[in-house]
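Read through the structures below before going on.
The same subunit A turns up in both complexes below, where it pairs with subunit B and then with subunit C.
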Partner chain A sequence: MTENTARSGKDTILVIGGGIAGITAALEAAEVGCNVILVEKEAYLGGRVVRMNQYFPKLCPPTCGLEINYQRIRKNPRIKVLTLSEVSKVAGQKGNFNVTIRIHPRYVTGNAPISRAQLDAISSEIPNDFNSGMDRTRALYMPHDQAFPHLHVLARYALTSEEISRLEETEPREAIDLSAGAETLDVNVAAIIVATGWQPYDANNLDLLGYSSNADVITNIEMERLAARTGPTGGKIIRPSDGREPARVAFVQCAGSRDANNLPYCSAVCCMASLKQARYLRNKLPDASISIFYIDIRTIGRHEEFYYQLLADDHVSFVKGKVARITPEASNLVLDVEDTLGGKLLQESFDLVVLATGVVPNQARHPLPGLDITTDEYGFIVEGVVRNGIYAAGCACRPTDVSRSVKDATAAALRAIQDVRR
Partner chain B sequence: MADKLGVFICTGYGIADALDIDALHEVATGEMGAQHCETFASGSTGEMAAIREKVQKLGLNKVVIAGPSSRSYLASTLPEADSLQLVNLLEWVVLTHEPNDEDTQMMAEDYLRMGITRAQKAKKPKPFPEHQEISKTILVVGAGIAGLTAAYEAADAGYDVVLVEREDELGGYMARLHRSIPTRPPYRELEDPNIEQKIAAVSTNGHIKVYTGTTIESISGGPGLFDVTLQGAAAPEGAIRIGAIVQATGFTPADPTGFEHLGFSKFPDVVTNVDFEQMAKDGAFLKPSNKQPVKNVAFVQCGDSRNPDTFSYASAIMSLNALKQAMYIREEDPEARAFIFFEHLRTPGQLEDFYRRAQEDPGIFLTRGMVSLVSSVGGHLVLQVEDSMLGEDLEVEVDLLVLNNGMVPNSADGEAIRKYQDSIQIVKEGPGNAKYEDASRAVEELKIHENTEILNLDYRQGPDLPSLRHGYPDSHFICFPYETRRTGIYAAGAMRTPTDGASAAEDAMGAVLKAIQCVEMLSRGETVHPRAGDISFPEFSLMRCTQCKRCTEECPFGSINEDEKGTPEYSVTRCRRCGICLGACPERIINFPDYSIGGVADSIKSVEVPEEWDEKPRVLVLACENDAIPALEAAAVHGIKYSPFVRVVPVRCLGSVNVVFIKEAISAGFDGVLLFGCKYGDDYQCHFIRGSELMETRGGNIKEALEQMSMENERVQLHQVEISDYETIPRVIDEFMELIDEIGMNPFKGM
Partner chain C sequence: MLVKPDIAYIEDLAQSGGSDLKKCYQCATCSVICPLSPELKPYPRKEMIWASWGLKGRLAADPDLWLCHQCGDCSVQCPRGARPGDVMAALRGKTIEHFAFPAFMGKLTRHPRYLPILAAISAFFIGVMLLVQQLWEQDAPLLFLGSHFEYEQFLAHKVLILFFFSASFLMVVFAAISASRFWKAMDKLSSGWSTAPVEDLRSSVIGAAMDLIKHSRFHRCDSGKQRRSGHLLVFYGFVGLFVTTSIATVLTFLEYPLNNPDLYPLGWFHPVKILGNAGGIALLAGCFYVWNYRRNSPDHTGESSYSDWFFLALLFMVGATGIFTEVVRLTAVPSILGTPVYVVHLLAVFWLLIFLPYTKFAHIFYRFLAMIHARLNGRRLPDAPAQ
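Right after this comes the complex of A and B.
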């Protein structure tokens, strides 16, 4: 199997990014009747959300909604999905953009299924990106069980020459093309939706929090994978250092966010993310005690109830204070906290510390050549200034949650359609 | 023309290594009578093209492709046929069972029989005839920021719009604002709400017909074919034909009277944020008590975590509002001081910079603490504040106290209204009725819904969108926030979710997109989300209808009205094709051309059930195709095995399971039935809202029926599962097989 076919031209919209915002924008536009080209840099769709264990506040699996979206894509001939692809150049203007897309080789052709023998031919391993690098996967792999497209990926760079020659001789040979190279595709589109999403703030920048030197200081992204059944531990929340179940867990809010030296803005989703992860712990390790260190609990709108429920839970304590330092002591981690309510300095010891790291727009790190967009000083795209045929959605615009990203994306689809109709 | 059936069996993915392909071929062309059968290597585009060609060349109109999961194909590469059925030999059989085993082979053969039977029974769906008359006019209800945006943007996309506003003026709440919170860098400056500009753009747009001072008298029909009658001085005579509706009826500021300790309604100088906004707009901050200028003003938020009962969704913008209003008075009077008392200051995203601006202002005092009492001393207000930072109590003297309170959506709960009306009717009939007491209680509880109608839908299930909690419309608010339970009616703005103005405007654009999408899809004869693009629709054989009203009551989307006798009146454009009506109907008179009671029942009966002494039990698994089936297929990816004695039938929704499927299975000799549906309750996961919940209720009847046949009622079990439960489902299956072992085989087997 390969990607859908769709033509480019006056009634075509390009969507850059195949996370929840990009998938939504593509589908909403295609179901109206436009042709859509959806470009995703990874080997599969789903972006950040497909790596989540559960969504807040319903604590439901993201794959449930994604599955419906994949069904919609599979059934819709108007959407062309390009994975392992990047936009390398944009020229032209509203109604008539010429876009160059670079498609990296998957080496897996889809012309025949990968056989057991082919899988067995490879023993080299690479860090498992789906699990945030917490475990390793063989270099010929299915990214995850619900991957769309449902195709293996070959990390050719990681193969030994023996493995390459073994693969060359293993049937079915038409399943793998080791000589595949990058291709470029030129398309003409009327409008572009930028849904390039976000990446977590690099916790290594937070020297005093000891992420790089202590295995049991993890990020909220890693916590999602620990809690997920498809994650590196099969859903067991354990300390990376010794595999023990933690009895005392700390969540450090604003790990980088609302901090002039790191991310001056609020990342908006980390409060709910930590409260959600506290619920994972309550469900999986009912005896564990949980402390959440925060500046303000920003559970906005409908999410207030979720906070109140945890506030009433005697296994969860909320401490208003900024964590200044994390130091290892024996097998534990000691947190120095300025308790702004009690007005004193606290020292508390924990088994596992989760850093609520923030949201960094991908656009800031990897600007798209030739794309006429305005960004703020943090790299988020400023929307709605001019309608120049380029619209943005989701975390490309602001740190935000799934529901708001879906809303943004649906609005962006309307703007793009207005251009197509002109 | 007689059917011509072709069967294509995949040999790749290790299928041919684990199964006897010749025997499968024999099943297809022998007992099942396929005219053509051949093998293919994979689901690749090339292989599918060859199959498409063969189908065309041989004139096959019924096609069965047995191979990997449907996720391995793209629909556009599959052959066209009157009926195309995919049989999963890979994940359902080969990867989850012992290779080259008698039981595994029997399983594969049964799945082939079942797929072929489904293909034989299915008819080619044709789009509903009304698709040629679909109106594409969009009705927007409410002309605040969301409604105005919706109207303007729909017109800008080329659609005619009817905009209805109950007030005499356009603009809604935003028109009462002095300034709005920042939307652009540097996120520090207050912005002009610019509502006049929007009003002008809408008023002068030739594609938009505006009716102010107007409400909706009634809406009948369904999406694409709505007949809307308006009420008001300027309302047109007769009904207007409408395609889809955006409801943007906004919110009402909550009444702060309940917060007695804050002195509202006791002291005139305790006002709401709405009052303060008006002062700012008028350009004069004067104390209501004596018209003297306000020098010191305090802002507090109503509702806090110590009093969760006072909780409201205000927190979406409460903090931002307080910061904004503090800046008003600081800009007006550099000597003035503003105190903001808060528990959590909430300025998400880049609006942290807005907070920073307030922090930099020496005249704005931000204090984490709660106001416990307000009194009036010498013409001033004295606030007792529990300062939680310093851990001591403060007394602060101010001229004015501004209460920030919640936003109550201007919505109506259609289902509650309907229940209220039904209960009144029962109460009127007098205490003789068995439901009298329940109804009397319901009348009391639901009285608040009296005269709250907005849309006045002529729907059997009530006149407005059903609510989930706190008056917000029921939807899958995370993944599919615009999908309400009434097709073609999309909520936007503060009525859909607590929101600020800019975000409400954007929300309106999303809702308009959905409205446009709805009319475009209907005009192609397709249904909308989640079975987007499906053209099949159910037919009702009303000759045999007993007016039991189960279909009209159970449809989650209110698609079926009823006449005075209770005969269903089905609206095809309201329908989402979930099949819950098909599952509900005891007379089995509701059927889709490609999903019918007969088709499913016959495919169940096509399973070869071994005799009792073969000691090979059979269990029927009816599973939701959206969640339970992908979970079962994920089990295969993870190498989890389960009993080969089950036969799985995917269903559109567990709610589309008719009890006759279960009865047929038992009488065909199956030893038990497992039902896998989605979670229900407040945090339901069913894509059709309450399919599995409805099935649970119907399941009660099945248990009774089993008991009447002197059979153990645990032979039928319903399990709520999630799409991520790939470990749970195989475990439940195996545990169920142990149970069957214990209680023994179906005593009616072979009879």
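Right after this comes the complex of A and C.
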């Protein structure tokens, strides 16, 4: 992965972002004969999707779909995957972009497998980003079971000087290069696909919902990890505060979305995400009662059926009203809300509260230098009528779900292929 | 029920402070955030949708408009920027207009375009009053002559009392008509929203009066804590002046000063004098405070409408010209200076009086009635201590 001889030139497409949209676009382009450079800032591909327990509406785990894609990447010599990499500069125009990519060191060379002794040499821990920081991992770690590329990562910054010297003396020495530094790679490409994806809205901004001060107020992202077999609890849904199984769980919709004081737009996927998570709970905790507090349930098209099935479930209640405040009381959480259909203020107590936080485009917070794109007021990319060789896909364009991201990516790939073939 | 929206009403509401009303998507953050909203049929979420639909009659009969003290918490927290607090204020204005008797008087204070009519009415009133004075007191001096200004010669107290007492009486009758219509409407459309035990009439009236005196409900508003101080100053300033004027009127009516020629001017430390002066100062200070607060709106809790400024300006004029009038007496200025000051003061008081049932001034009785109604119907706050 560190060789600096990426294929580049007139038949090459750069894909920025290795989530589901980026992977799809890269494969679509490479499988018709284009060369592709796929740049991912994390140590592994998969983005937000690989962190999910299951995706809607079929409720299948993301691993099988991703595994098929990884196979296609492995088999295709036209795709060059660069992890721990970021695009630092873009110049030029359609058909002839000069792009500078910065590759951060992994310190793990891949020339030999990491040994047990090397793993044992490190005891320092860092927050486990794969699990949304809900647990910690050793500083020399495999990001997750299915990580692609399947290589360890060394968080060198977290090591003590003893750990460094211990590591220097542990075999196989060629597996780790402690002196590795950041590298720069210049490539020439004909077209660029921006699939920089999204991150969850910071729930700490929602003062009245008490996320920052109550362990049992979690986000929907954290709920995915709690439900996942590869998550911090091995798939057991328990309260972060005391490890108890919750008997009453609340979902708070529009936690920051459709809110002039936070994200003014609808994040589009959170209704389906909560309905999906309610099903996790129904399966894993059959006796738990679940309440979903909403302004409007937005399940478009055939997703409506997914909603109707839950409406019929007597363990799931729907309350039309936005939760305005969450306060701790004894070991529980009290939600303040008006049931607007009944015209009554409710103060209901729950063991676990899930905030359906929204979608923030990464592009908004980390714009790519020199990239000629237009974004809307929230940072989502708006493609112009004139094709300028830069195309966008997935949540970089708008909040959207996995299947639509994939379709987006195919469409973006087609436009990029046309630039290459012209 | 088939809802027939009143489009003109909705548009007028938008003009008078509720311009963001249509942004509301009924999430009810406002009802939850409101520190004063009762458990059953909480406000202002329901008012927002009634207003969106233009349910004029439903809103006019709604006591909850008056249980709100405009702290603005709902507007601050509203995720849509629909400003429910401003809508509630605009709706209160619409209620006053709705029940105004005679109806045209309800419109006159709601838009600056009617100011000339208001001025004409007042000029007519003062003109007739002065004419009566001239006919009654044959030897009264001409207006602007005289080395120093003499109130009794300019306008005899008996004439003053005749006119102002009649005007007050008329306005109290008109206000009573509005109040009784409001009460009937509330009883018809807004009863039975109870969650707490109901109270009897006596306990309700006393409880509501205590709430008013202590501003205890106002005190529960979070964002509006500063405004409460300003309101207290204006409220008690006004009460002080009202009591002073009432005592003076009654004494004059009984011809007490005539039989006791040395009574006036009252000494500086006479209780009534102290009450009057303190009231005047409190009123002015309160007006400054509220004016400044509304202008800067430090917590962005609310916009001020024409009706707000009109009423505040009127209170300020009453206080300011009253103090000037006192200064005129103390300094014995020539009539040419004293006359206009006194005339303006009389005008301001006259305006305040005749607009009792029509301006924001009317909130004093609408609110009081709504608070009584709420107690009669067991509509106290869930955690408010029982009376």
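Following the convention adopted for this analysis, the second predicted complex is superposed on the first by the 415 of 422 C-alpha atoms of A that agree within 3 Å, B and C clash if a C-alpha of one lies under 4 Å from a C-alpha of the other, contacts with A are read in each partner's own complex, and residues count from 1 in each chain.
The working rule: contacts are C-beta pairs under 8 Å (C-beta built on N, C-alpha and C of every residue); 3 or more make two chains touch, one makes a residue touch a chain.
This one's a predicted model, so the numbers in the text were calculated from it and none came from an experiment.
Once chain A of one complex is fitted onto chain A of the other, the partner contacts of A:340 extend to both subunit B and subunit C.
Looking at the shared chain after the overlay, A:261 reaches subunit C, while subunit B stays out of its contact range. By the touch criterion stated above, A:321 is placed in contact with subunit C alone, subunit B being left untouched. More residues of subunit A are in touch with B than with the other of subunit B and subunit C. In the superposed pair of complexes, A:376 makes contact with subunit B only, with no contact to subunit C. In the superposition on chain A, A:77 contacts subunit B only, with no contact to subunit C.
In the superposition on chain A, subunit A positions 258, 296, 340, 343 are in contact with subunit B in one complex as well as with subunit C in the other.
For subunit A in complex with subunit C, the touching residues are 208, 254, 258-262, 295-296, 321-325, 336-338, 340, 343-345. Touching subunit A in their complex are the following residues of subunit B: 12-14, 41-46, 48, 68-77, 153, 156-158, 183-187, 305, 308, 311, 313, 315-316, 344-353, 356, 368, 388-391, 470, 472, 476-482, 497-499, 503, 506-507, 509-510, 512-514, 516-517, 520-521, 524, 528-530, 532-533, 626-627, 630, 634, 637-638, 678-679, 683, 685, 687, 722-724, 726-727. Those residues of subunit C that touch subunit A in the shared complex are 25-29, 31-33, 37-42, 45-46, 77-81, 382. Interface residues of subunit A, counted against subunit B in their complex, comprise 1-5, 27-28, 31-33, 55, 58-61, 63-65, 67-72, 74-77, 109-113, 115-116, 142, 145-146, 148, 150, 172, 228-230, 258, 264-268, 296-302, 304-305, 307-308, 311, 320, 340-343, 376-378, 380, 382, 384-385, 398-400, 402-404, 406-408, 410-411, 413-415, 417-418, 421.
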